Every structure is written in structure tokens, then in C-alpha cells.
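Two complexes follow with chain A in common, the first pairing it with chain B and the second with chain C.
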Partner chain A sequence: MKNRIQLSLFLLPGLLLYVALFVFPTLTGLFYSFTDWDGVSPSYAFVGLDNYKDSLSSIVFRKAFGNNVEFMLTVVIAQTFISLVLALLLVRNTKTRIALRALYFLPAILSSVSVGLIWAFMYDPSIGLINYGLNEAGMGSIAHNWIGDPKIAIYSIAAVQVWAHAGQMMIVFIAGLQGIPAELYEAARMDGGSKWQVFRTVTWPLLAPSATIVVAYTTIQSFKAFDLIFTMTDGGPNYATEILTTYIYHTAFGSYSFGLASAGSMIFLVLLALLTLLQFKALRADRVSY
Partner chain B sequence: MRKKQKYILPLVSMLVMSILLSACGGGDNAASGGGDSSGSGKVTISFMHWRGEDVEALNKTIDAFEKENPNIHVEMQTLPSDQYQSTVQSKISDGSVGDVFASFPGAQFEAFTKAGLFTDLTGSSFLSAYNPKLIEAGQHDGKQNAIPYQLVYNDPIYNVKLFEKYGLTPPTDWEGFLALCQTLKDNGIIPIAFAGADIGPGQFMNTMVMNNAPSDDIFTKVEAGEAKLTDEFWVKTLTQIKELNDKGYFQQDALGTKDPAAGALFIQEKAAMLASGSYQLAQNKLQNPNLEQKLLAPITVSADQAKYEGVHTTTFMLAVNSKSKHPEEAKKFIEFLSNPEVAGEYANQTGQNVTVNDVKYDTPELQVAGDWASKKTVFQPRFTILNGDNQKAVTNSIQAVLSGTSPEEAAQQAQAIIDQHIGK
Partner chain C sequence: MFLKWFNRLILLVYALLIIVPLYFVFVSSFKTSSNFFISPFSWPDPFTWDNLTGMFPNQPMWQYFGNSLVVTLGTVAIELLLSSMIAYAIVRWGGSVGKIVFALFVAGLIVPSQVSMLPIYSLTRTLGWSDSLTGLIIVSAAMLMPVSVFMLTGFMRMLNAEILEAGSMDGASEWRLYTRIALPLAAPSLAATATFLLVMVWNDLLIPMLMLSSKSKLTLPLALMQFRGEYVTNYPMMLTGVLVTAIPMIVLFILLQRYFVAGLTAGSLKG
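Let's look at the complex of A and B:
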């Protein structure tokens, strides 16, 4: 009994924080999603499911959802691939591996707002470092209006997201690679397997749990991205990079439609929860024993 | 001893939690207005606004006010403008802070009015210090809810020396404006530095639409469903902006250029015009003291059809919180700010024009905008769009044409978004 009380006391601070910072705001948001509250007035009216209907039929909301999916898929595919390649290169026992690992991990510790502001400046078509560098290197034909062209703006931001987080995911892959028993590699080599065959039949299947973690984390992180897009394009040009989080922000604080923004947030929460559930299922399915 | 140790960690955790929670809840206490200093009879009022860059100048103003009113102490609290937009209402809504607060015109002013956050200042004696036309933006249903303190001309800035070098003068019609841009382009000068990625569309649309619009309240009509963006006035405006872009009168890839980069092109004298407003004059001069600048609005019609010469905005709207415990002291502070000498000091120190009459401006940059007081200007059309989403739809249609969409299609896309809002 005493133990239970002590355990409860240990859990209490965390529980209080969770209730104060997640449960309470979520329930408040849910409540306001059924109202026409403007975020300022002391009074509001209940509008039933109108905000949900309006959100789901909104042209901008749908565009934002499409952009969200596009951004997420780009980031997940690119980040998983790049972080895996980096991990395979840096898992070896070379002298420079620690320095290189730190170098690739470094962007993960920077504030995403700073990253966004710096990259927006680097992407500038007139005075940005990227086009300048490309022109100086004789590759002017590749120079582009990176975040000003609606066709590619979302991919330009996705590239920054990958740059910022690939090092972090590389560490997860390295941990996974280091956990694979050396005997399995020896056996595979003794059987005459080529490098590609060893990777395909030994490394990749045993790396599946790490890959699942990387994919799950990246999916959720990229789906709820905000800071980078807010600082680099604020959803523009012409909604080309508007995603659900920026849509919710603009609806709440741009047009003082807190009820509508709350409904958008609830839909977003459900989408994110579904994604997470799917990821957990996949995580269980991919468990490997050896 | 061991038994005691078992309790230490949970107790420490709880203590830390209490400190954390009390810290979270106590953020406003530092600037809490409404309190009297114990026993001294001194009243403390809180002044909330977003202009962190004006703090130094306003501190001097506050010192002078406190000398004149020894029983009133003013505590100033500033937030960055984006945070101000998103959090100020929750801070000031119970009156514990922001006895005097500033509001943006447009959507925020409307929301605050609806929420009853403004004290009606109608009939206050200090209103006579202001140009009556310039404080209209703070009125609602005939009541003076707030007093716009700053005056901005949202007209492009031009480089006087460059214009003189090529024998150019501000044109009075659209053909003249196109010819001027062509001359600049032929001489290797970027005619207009345009921050298409952020502030450009929102600033430039004002002068571009002012003479195309059939009435000053055209966007009010659009939001009421009585006019459409697909009507001639907006399609024509988009067509003309597209023409400027297609003819290369904006810098290359203008849609990817942000405000600082566009500003740099103008400051470095690579561009002859900067599509921003008078608020940028002082900053430009600071970075290039050789600059000689004036304002110019593109006239999009023939000279005889032009109704307006430019655009103005009145902002930084000072208000007294309706929940304030010290409304008289708050009004006294606004009255002090309304004094032409005080307003003049504020203007000259901050580089911003003000709406107060008889203010003497020290710098050529402030005088440039001051000269515009005699011109026929219209209140910034963009701020007559009261819904933020609608505003975004309108400015985004400019970005759409710059990225290749036809003006008709861009107008239609924006109208579709507005139509959805009208139904709500």
C-alpha cells in the first residue's frame, strides 16, 4: 500500500503536467470547436458540427492537407534513405567517424526557427548563397527560385527538414547496425555473399526495427511540421506550402476564427492519432528476433 | 534515515512542479496594472504594444509623463508583432494588464470591438489634437474606440537621384509609369524591387487598386457578397501587376524575394523603386546615407480618371481597456501622447510619422511623408478587408499571377475562397 502511495507521488508531477499541458488544452479545444468563438469575445454561440463541415469543405484546408501528405512522403522517403546511407558509411571504425557523426547530428540541435530563417535567406534567388554558389560553380542552369516557385517550394522546404533531422535518424540506424551480431556477417561472407546480398539478406531484415522507428518518428514529425514552413514561406506562395498547422494558425490568429481553427485542430489530432496507430501496428509486425 | 530518503524525491518533484506552475501562471504579474503602490497613493497603469523598436523613445516619453503626473506610474510591456497578434487578447481581456494598449486596424480592431475591449473615447478633449480624417480607422458605429497614432504612406519609395539621372519624374498615368519602368530597365536598373514572398503583394496592391476600384468600400462589398474579385477592378489590377512582371519591371524571381532582400536591392541602388511604404524611409537612409528618397504611387488609369494620388494607413491605435481599473489615468497618458511636442519627439526619435496635427519633423525622411498630408490619399484598401483569410486570398491571387496563372483564373480561385467565407 505504502509503495502504491509512493509510486503515485512519483507519477503525480508528470501526470499534472500531462493534464495541464495536453488534456486540458485538448478538451478546451474540443469544446470551442463546437462554437463560433472569435478568441476575444466573452460570449460565443454553439454551432454544432458546422465548423467541422466548414473545415472539411474548405478549399484551403483541402489544399493544406494535400501539401501535408506531399511534404510528409517526401521527407519520410528522403530522410530514411539518407540517414541509412549515412549510418552505413559511419558505422565503420574509421578515425573520422566520431567527428563526422557529430557534424551530421549538429543541425538537430539548432532551433528550427533559426534553421528556417537561415535557409530562407540562403534560398533567396537574388542574394542567396545557393544560387550564388551554383552560378560560381558553373551550374547556373540548376539555379532556381527555390521557395518562390509554387511547383517546387514544398520540396525545397522538405530538403531543409531532411537536412535538419537526417543526422538524428542516422544515430538510430547506427544503434541498430551495431546491434547486429558480427557472426551473421561472417557466415554470410563465408557463404560467398556479395556486399549487396549481405545487405539484402542480413543487414536490412535485422535493421527493420530501427527502420520502423525512423519511419514512424519521421512521419509524425513531418506531418506536424510548422516552424520551418512558418519562417520560410508562411504557407506561400499562393498556398503552395500551406499545411494543416499553418492553416490552423492563420485561421485562429489571422481571421480570429478560433472555433473553426479548433475544429481544424481536432481533425488534425485525429489524423495524427490514426497515423501513429498505423505506425505502432507496423512496429509490432516488424519485430525481429535473433 | 532511509525511510526519510524515500520521501525526498517525490517532495522535491512536487516542489519543482509548484515552482514551475507558479512561474507559468505569474507571467503577467511583472507588468500588472491596476495595482496601487502600497500606501503611496501612486497608481500604476500598464501600457501594452508591439513596437519593441520604440521602447527607448517611449521610455523618455513615460519619464516626462511621470514627472508631470507624479501619482501615475506607467509600466510598458511589449511583445513581438506576431505574438501580439496571437496572444494580446487573452492578456488584456480581464483588465489586469494593458490599461492602455495598442491595436492593429482591420481584423484585430473589429475583433476587439466585438469583444467590448475598447473604452469609448468619443468627446475626449485630446481628440482635437489629431487630424480628424486620420483617426477614422479607430471609429466604429460612430464611436472613437481607438486613436491611430502612426501615419504610414503605403506608396512605393523611389530613388530621387536615379530618377534625375535618367530625366524621370513621377508619372501621372499608367502609360507614363510603364514608360518610366522601361527607361530604367533599358539602363540596367531594376525598376521595382518587389518582395513577392512576403510583404510585397500586401503593400503594392494598395496603390495598384486605388484608382481601379469603383468605390472606396469595394472590398467591404466583396466580403458582403455584393461585388466579386472576378469583377473588372480586380482582374484589371492583376493584369497590370502581371504586365509589370512579364515585362521584367520587377527583379527576377520576385516571388522568392523577401522584404530584406528587396530592401537591399533598393539600398544598394540596384533598384530605382521599392514597393513598400514610408515606414521604410528612415531604415533605408540609415543603411545608405547617400540615398535621397521620395514616394510615388503608380497611377493605373489615365490622368483624368485618377481619383487618388496615393495610399495612407493609420495604425498603432491607442486605446483604453474597458476593463481597466484606472481609465482616467489611462486617458491622461493618451492625452499626454497627443501633445504635438510629445508626439513630435516620438516621431523624430522613431522615424515614424504621426497623426497628431502641428508636429515638427526633423529629418528629410519624415518630411517626405509629411509632404503627403496635402495629397489626395485613400485609406489602405487591404485593411478594409476585415477577414484575415480573405485578405490572404486577395494577396495570394497576386502571387498566383506572378507564378503564371492568368488574372481571370487567379481572381476566380480567390473568389471561390471568399465565397466559402461569405456563407459562414
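Let's look at the complex of A and C:
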């Protein structure tokens, strides 16, 4: 006995808001990508696929894409590994462990701007705590201009991204670990398996769904990073940390090439959609039952 | 035995990695500039409240705070109301209509705010909503709709359909079923969704940055970006800004830890 008229009224306000201020604007973005609009003047001309061609052949765009991939791979590998290790160490529910979980999770609730500012200081070559600590410890030779050196800047920021979100992913792994029935562990131990064997034959295979979730989330999250890089280096030095999102921002609001920036964001969206699709496939394939 | 100590060492090192930067922010906020440069690690000596008390008269801090509060609470309230109604209707309607509406919102999950920023920027300028907190609230609510509808629909699917059906047989209107049965039963999921949205909106940089320009309208993350320029040599002051921005979230986190974890994991996993 559903009252469909009443239910339609439930849908209406939200749908209107969503379509008017999200769906429709996003579609106009596609429209702008075929124009030479500068974002301010009232007139513009259609340029067909020129913006797409210009984007794909632009050196900065290619550099940004390369940086995106580098940043993403670094974060995914480091974050998955670190959050898994932490989860394995904190899976049992003792008071200390629960407190540590909360501590490790804490950075995830800070704004990227705050995290960026904190770490910009930690990394500062002259007054930063990292170089200060290294000097104090007699390891001054490792001291570095962490986000000012184009060779390592992107990795320095990747480390901050991991610092902020590894604890959050640890929680996903812990949930996965706690979902594994205890009998399976007992059975494996009864069979005389060593710790490593138990991990390899019981824990790891049954943890696959959680691992897929973590990898999927981290991949997408790091691919569309923006705030942290914007706050810490704004794409510099010399485009060393420019990624696609900062490229889009700079193209639109720095050089007033709104049409070109729109084409860039459409390419970015397609790449992101492909990644998401791959992840969904992986998620489906990795369902295990026990 | 060795392994056990090794495990503890890992946990300790990681704990320090989290604590040291946060400790640094905390102590710097109570240091004088000279003390900050001489001994960055040490406990503040002399201990000073000047950064904290100086910040409020020097900056329209209360204003920034108020703006962030209004935008966050406004967005979350609208979002929860509209999204829970949609989620209820999706689950209750079911069938292909439910599927289509759900799919329409899920499709939005793929589009990140970095892609919609350009069209949103030009649309809000055309509408004359630039520099308006109300405009920002409405736009933020629209942009977060995919993730909140996704989360709440997931939660509402767990409701017992028979109870709703029985209530409906007794002649209860959908509004009554929604307010008397669905919402109370979904309360923990609403709380988790709300905390997730609180964090997202309180910390958001991009959308406020595109829409707000005058100093009296800034939210805290925007104010922080501005401090970076203004306090380019006064680091203790800038780090005090970081502390002030983080305190409300940290207090909430301590009070509502359970919901933070549930919300941030459930939301982010599909975000």
C-alpha cells in the first residue's frame, strides 16, 4: 500500500536541488569545453575539439598527468602497506589498542589546509622541525628542502597524504580482520601452522575484500587530490607538483582560459571514471564467502 | 619475544609520527616568536596566551568562526532532511523507479568537486550568489547529495519493510511513517552521516574559495589560507589559527568517536 503521490513529494525538493545545482552545471562544463570562453566576458566562440587537442599536447598537462600517476602510486602502495601493518598490530580489542586506533585516526578529521600548513612548517628547510631534528641527531647530511626540491617534492606531499589517511584505512582493515571467524584461526593453529602460514592461508585471502576497498578508496582519493597540494606548493616548484586538479584551477583562474580548463576537467573526469569502473569490477570479483 | 618488542616499537614510532606535529602546533600556539625560533620542540617558556587572545581582536576570528558554523550546520541540516527523504522514498518505492532515482544520485559520486568547480563558479556568478553564505549552503548541499543519499539509502535498506507496510495498512501517511518509524530507527545512521558531513563541510576549501571573496564572509579554512600570507613571519600566530580551527572537530571527535569512524569510513569508501 504505497502512496506514490506522497513518495514523489519526498523526492521532489532534493531532486530539484541536485539537478539544478549539480547535474545541470556539470553538463554545462561539457558545453564550455568546446568554446574559447575566458570565464568573464559575455561572448565566446565555438572551437570544436581544439581545447582537447591543446590539452593533450600541452607540456604542462602531460607533466601534471605524470605527477598525478606518480603521486597516486606512491600513496596507494605506502598507505595500503602501512594501514595493513597497523591494523594487524591493533586488531585485538584492548584499552591501549583502542586508544591508539583513535590517535592514528585523528589526522583524518583535520582539514587539508591545516594539515598542509602544519607540514609546510615541518618541511621548511631553515626553521622546519624535520631538518632541525636531523641536525640535532647528527644526521644533518640528510636535511633537505623537502617541498622546494623538484625531485622529491611530490613524494614529500604524498607522505603527508598518507599521514593524514592511513589511520582511516587501518579502521577498514580492522573491521575486515574482526569479521574473520575465530574458528578458522583455531583450525589453522590446530593444524600446526606457523604465524606466517596462518597469515598467508587464512588472514590474507579472507582480507581480500577489505584490501580491495582500501586500494579503491586510496586510488580515487589520491588521484583527485587538490587541497593539500594547493596549500603546500600550489603546483611548484617549476610544475614539479602540478597535478591535473591544480592544472585545471590554474588554467581557469590563473590564465583565464575557462574553455581549455573545462576540456582539462572533462579529460580528468573520464580518467577518474575509468579508474572507478576498474575498481568496481575488482570489488565484484573479489567477493569471498566464508 | 623479539617480535613483540618490535611490534611495540612500530606502534610507538607511528604514535610519535602523529603526536609530534600536533604537539608542535599546540606548543607553538603558546609561545612568543623568539622562543619559537630558539627552541621549537620545548614546552612554551615563557608561556603566553597572547597569540590566542591577540588573534581575536586582530582578526575577525569570531566572524570566521560564526561563518563556518552557519555554513556547516545549515548545509548539514538541509542535507540530512532532503537526503533522508529521498533515501526513504527510494527504499519504499523500490522497483525500477527506486533504482533509477538511486542511479541518478550514484552517478554523481564519480564527479568530484574539482570537476564541477568551473561550472558552479560561473553559475553562481550568473545567479548573483557569489559572496553569499546562503548561496554557499545551497550549493554545498547540492554537491554533497550523491554521497549522503548513497549512505542513507544503504542504511534505510536495513529497515524492516514489514513494519512500514503494516503501518501503511493501518492508514498512516508516508510522512507519518517516515517521521515516526523510519527516522527513529535510522537515528544511528543519521548520526554517522551527519558527522561525516560535518567534517566535510567544516574542512572544505574549494567551494567556499570559489564563492566567497569579502573578508567578512570567509570560513575558517579560507581564513587560514589568508593567515599564511599575512603572518608570513609570525609562525606562532599562524599555528594558533590551525589550532583554533581544529579544536571544534577534535572536541566533537572525542565526544562522538563511534560516529566519526562509522561515518568517515562508510562515506569515504564510496566517495
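The criterion applied here is as follows: the second predicted complex is superposed on the first by the 270 of 290 C-alpha atoms of A that agree within 3 Å, B and C clash if a C-alpha of one lies under 4 Å from a C-alpha of the other, contacts with A are read in each partner's own complex, and residues count from 1 in each chain.
By our rule, a residue touches a chain if its C-beta (ideal position, glycine included) is under 8 Å from a C-beta of that chain, and two chains touch if they have at least 3 such contacts.
Quantities reported herein were computed from a predicted structural model and do not represent experimental measurements.
Touch criterion met: A:268 reaches chain C, while chain B stays clear of it.
In the superposition on chain A, contact of A:252 is made with both chain B and chain C. Of the two partner chains, both chain B and chain C are touched by A:127. Look at A:108: by the touch rule set out above, it reaches chain C but stays clear of chain B.
With both complexes superposed, C is the one of chain B and chain C in contact with more chain A residues.
Touch criterion met: A:20 reaches chain B and chain C at once. Contact with chain B, but none with chain C, is seen for A:149 once the two complexes are overlaid on the shared chain.
In the overlay built on the shared chain, the residue A:59 is in contact with chain B alone; chain C does not reach it.
In the superposition on chain A, contact is made by A:86 with chain C only, not with chain B. After overlaying the two complexes on the shared chain, residue contacts for A:6 are found with chain B and with chain C alike. Overlap of the chain B and chain C contact sets on chain A: residues 6, 10, 13, 17, 20, 39, 121, 127, 249, 252. Interface of chain A with chain C (complex): residues 1-4, 6-8, 10-11, 13-15, 17-18, 20-29, 32, 39, 82, 85-86, 89-90, 100, 102-114, 117-119, 121-122, 127, 129, 132, 163, 167-168, 171-172, 175, 213, 216-217, 221, 224, 226-227, 230-231, 245, 248-249, 252, 258, 261-262, 265-266, 268-269, 272-273, 276. Residues 7, 10-11, 14-15, 17-22, 24-25, 37, 40-41, 82-83, 85-86, 88-89, 92-93, 101, 104-105, 108, 110-112, 114-123, 138-139, 141-143, 145-146, 149, 165, 168-169, 173-175, 178, 199, 202-206, 220-221, 224-225, 228, 235, 238-239, 242, 245-246, 249-250, 253, 257, 260-261, 264-265, 268-269, 271 of chain C touch chain A in their complex. If you check the complex, the residues on chain A that touch chain B are 6, 9-10, 12-13, 16-17, 20, 38-42, 50, 54, 57-60, 120-121, 123-128, 145-150, 233-234, 236-239, 249-257, 260. Residue ranges of chain B in contact with chain A, taken from their complex: 6-7, 9-10, 13-14, 16-17, 21, 85-86, 89, 93, 107-108, 110-112, 114-117, 196-198, 251-258, 260-261, 264-265, 387-392, 396-397, 399-400, 402-403, 405, 416-417, 420, 424.
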